[in-house]
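One chain, chain A, links the two complexes that follow: it is found with chain B in the first and with chain C in the second.
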Partner chain A sequence: LCGSVRGLAAGPEAHFGFQSVTEAERREKIYQVFESVAKKYDVMNDSMTLGIHRVWKDILVHKMNPSPGTLLLDVAGGTGDIAFRFINYVRSIRERQLQRRLKHHQNLSWQEIFESYQADKSKSLGDSQVVVCDINKEMLKVGKQKAEHLGYSEGLSWVLGDAEELPFDDDKFDVYTIAFGIRNVTRIDLALQEAYRVLKPGGRFLCLEFSHVSNPLLSRLYDLYSFQVIPVLGEVIAGDWKSYQYLVESIRRFPPQEELKAMIEDAGFLKVDYQNLNSGIVAIHSGFKL
Partner chain B sequence: GQGLGSGSGSGQGQGQGQGLGSARPQPLEPSLLRFLVCPLSKRPLRYEAATNELINEELGIAYPIIDGIPNMIPEAARTTRKKPPAEDSKQP
Partner chain C sequence: GRAWLSRAEPRARGGRRGEQEEEEEEEKEGEEEGRCQLYPGHIPTSPLQKALLAAGSAAMALYDPYRHDMVAVLGETTGFFVLPKLRDKMKHHPEGYRILQERPRIRLSTLDMAGLRGLPDGSLGREYVRFLEDNKVSPDTRMPPKFVDDEELAYVIQRYREVHDLMHTLLGMPTNMLGEVVVKWFEAVQTGLPMCVLGAAFGPVRLSARKLQVLATELVPWAIRSGRNASCILNIYYEQRWEQPVESLREEIGIFPPP
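Let's turn to the complex of A and B:
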């Protein structure tokens, strides 16, 4: 069962966790999963990963190391975790830039200092921008509410769109990220092609996703945790066993590191590499459009 | 005319951006128009303030903007012509 349909789902056959379904059914089922979990998404992430998902996402943005002025497209970005981190990151870089600049201008007149504050105030992000694109209305709704609640507004926009058929023009973005989303895409090859298309030449593709643990002992513990604990947490916290059963199965179905690397290369990306986190429970894949 | 504050996707008269504390009928984030294209044809779109939609004239389809979020899923788009447009999106 595991060997047959691996990631590409070439024909009309696809997988939903360990079930065999048509592509259309898969999309529908996955939509319903996220519609159902949207409001509890963040709570569940914290519970299932004991908060470690936050570290994984921090590492992703640090690896990105965006400079002010970067244009980011965050796909499957639903509740905004990557987007908010991106904004925090460029904001702090920008603040440090401004402070450094001030230090070097100790001999300015008060008028000059005043003017430099005026100029910089309107660019606290330094023209950085992030577009969050997700196929699921409920997830975007949660994300937008979170943004309002946390005070994120500048440089942030939301689009309801399909990773396999992006509504963005060619060669537009500096960075494309997809964190814990590519696993839920039905045609991963199409999503990768679209990622390549919308990136500027020199742009970077970054994918954060559950991956393959090769250490046999750790793998056994991980399986135990995944299949015994996670669906129970799902039922207790979100009242939804089945969605989390799907989650666990979809992780098992997803291509391992080397296979995903090959798929990314097939889409045209160069210098493709990956970094395992927590022994491969999660991996960050990176590639460039050169 | 002006959309009323029901937050159900009815647009304002002008296609203005931020400021004015526009909490209800949220207009489209104007910077988005730089990147957005029709997902089917990848061709530019026209923002129609009256209906708060993004129009692809060639294919005769319109994408709705709801709560300031453009819905760019092809299935969600409505046709703007009385007759349905030509089948394929591969137009010259």
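Let's turn to the complex of A and C:
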């Protein structure tokens, strides 16, 4: 085991984008990045990805295919994108169930129909719940405001917490998601272990994250766009060049698909697999606690 | 070289690259930009990035005039031809040369506000403080330069920004849209900075017809005449002239009395 003098003195070495920092410094810097970008987070996502991030998140929730009654933990869920999609999905499934049931019960009395409406209305989500957990107060604040603005209240809760040390009991959740968050975790192995711990047996781990593009031409174009355009967008739209410089650097530093798969397997997950979106610009990794 | 490996995260690094390649990547990154950080706050940028920044900041400044940071960025990314000329003007003038050497900054922490307020009415210091208070502005809100790739030129543009409020005082213009446009016209003639020219040309877009009329018939011609007639405004060591009456300073520089 070798460490630089700095490492031995100040703590384990880590990276912040392309800079070399201590783990403690990295956590602090990342916290500040998200504190700074929180208000413009959604606008920037739309600008940088030309709205495609919405499709990626839709695909994630479709892959999850949650049934009513599912308990979801969305880690690094900040502004609520995954949580809201989950709620919409479960609601629409529920509605379809309702319609199907009504079709089959054509000869119910009015009283019985009325009663079934009452019962179902109070369970429009069918006991499904999502807990949004994020380490950053500003991001949670923006998420809560969005929820209020868009009218999401049922089945949704917001918890301040650290992915490396989750404030939840073992074996609690049916699904664990982390969308565009694991890249910012300093100890990914710990976060994966925590994910394993809080999932019920049979539970599913889903990770949506920027990954590596193997196609050389596309990779060149992607790099050009990332390094030349994205920080400029950050400066013009959010007045914050540095946070978006960090973003593109952190994407380059993140382990590629196969390596992440191995790390997930190390945490104990089985049937680990990944799906590339847009030739590997983004990948969805999935694993089960069996 | 740097020793990277720590047992804590053997795989959580950019795994496919070895230590060597990472360092090379960092060097390549630096080389691509061609420069490193020249002053605190400096962000080195490639020509493409500067072009994108110029276009983006221009659009954003028009869209949201309260984004003063965008006006600043526009100035920095388009000023690379003009700033050296301004710097040379300063170098070849005794007072300007001293400013370049001593690098004075106009900030609340360096100004003696109470002292300036105590100066007689009509003096530069008194009128400057009055201007700040009337318009509720502060010299500390000026953006430090980020995208200028020369340390001395960064100071020149910083000086230009800090002197802007004094321009308002000397020209007698308030900080509303109309007043800002007039000052921009003056500065455009004086400095030739593309950002001033653009601001002068596009600023009036948001003014009412009545104001446009006043602007076109009286204020702009006066601003242009004064700008042409006046010596370089960056060559005045304002901090040493607080007691000088505004009118006397105007005459000395060559600014005609405001209409």
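The rule is simple: the second predicted complex is superposed on the first by the 279 of 290 C-alpha atoms of A that agree within 3 Å, B and C clash if a C-alpha of one lies under 4 Å from a C-alpha of the other, contacts with A are read in each partner's own complex, and residues count from 1 in each chain.
Note that a residue touches a chain if its C-beta (ideal position, glycine included) is under 8 Å from a C-beta of that chain, and two chains touch if they have at least 3 such contacts.
Bear in mind that the values here come from a model prediction, so they are computed numbers and not experimental data.
*Asks:* Thinking of the overlay built on chain A, is A:236 touched by chain B (first), by chain C (second), by both, or by neither?
*Replies:* second
*Asks:* Let me test your reading of the model: by the given contact rule, A:60 touches which partner, first (chain B), second (chain C), both or neither?
*Replies:* After superposing on A, A:60 lies clear of both chain B and chain C.
*Asks:* Tell me the contact category for A:129 with respect to chain B and chain C: first, second, both or neither.
*Replies:* First partner only.
*Asks:* Just chain B (first), just chain C (second), both, or neither: which does A:206 touch?
*Replies:* neither
*Asks:* State whether chain B or chain C is in contact with more residues of chain A in the superposed arrangement.
*Replies:* Between chain B and chain C, the winner on chain A residue contacts is C.
*Asks:* Which holds for A:189: it touches chain B only (first), chain C only (second), both, or neither?
*Replies:* second
*Asks:* For A:256, select first, second, both or neither according to whether it touches chain B, chain C, the two together, or no partner.
*Replies:* Second partner only.
*Asks:* In the overlay, answer first, second, both or neither for which of chain B and chain C A:272 touches.
*Replies:* In the superposed model, A:272 contacts neither chain B nor chain C.
*Asks:* How about chain C: which of its residues touch chain A in the complex?
*Replies:* By the definition above, chain C touches chain A via 2-9, 11-16, 25-26, 29, 43, 46, 48-49, 52-53, 56-57, 59-60, 67, 69-70, 73, 146.
*Asks:* Sort out for me which residues of chain B touch chain A in the complex.
*Replies:* Answer in residue numbers: 18, 29, 31-32, 34-40, 42, 44, 63, 67-74, 76.
*Asks:* Give every residue of chain A touching chain C within the complex, in rising order.
*Replies:* 1-4, 7, 12-15, 18, 20, 23, 187-189, 212, 228-229, 231-233, 235-237, 239, 241-242, 252-256, 259, 262-263
*Asks:* Can you check the complex and tell me which residues of chain A touch chain B?
*Replies:* Interface residues on chain A, with respect to chain B: 129, 131, 135, 137, 140-141, 144, 153, 157-162, 165-170, 172-173.
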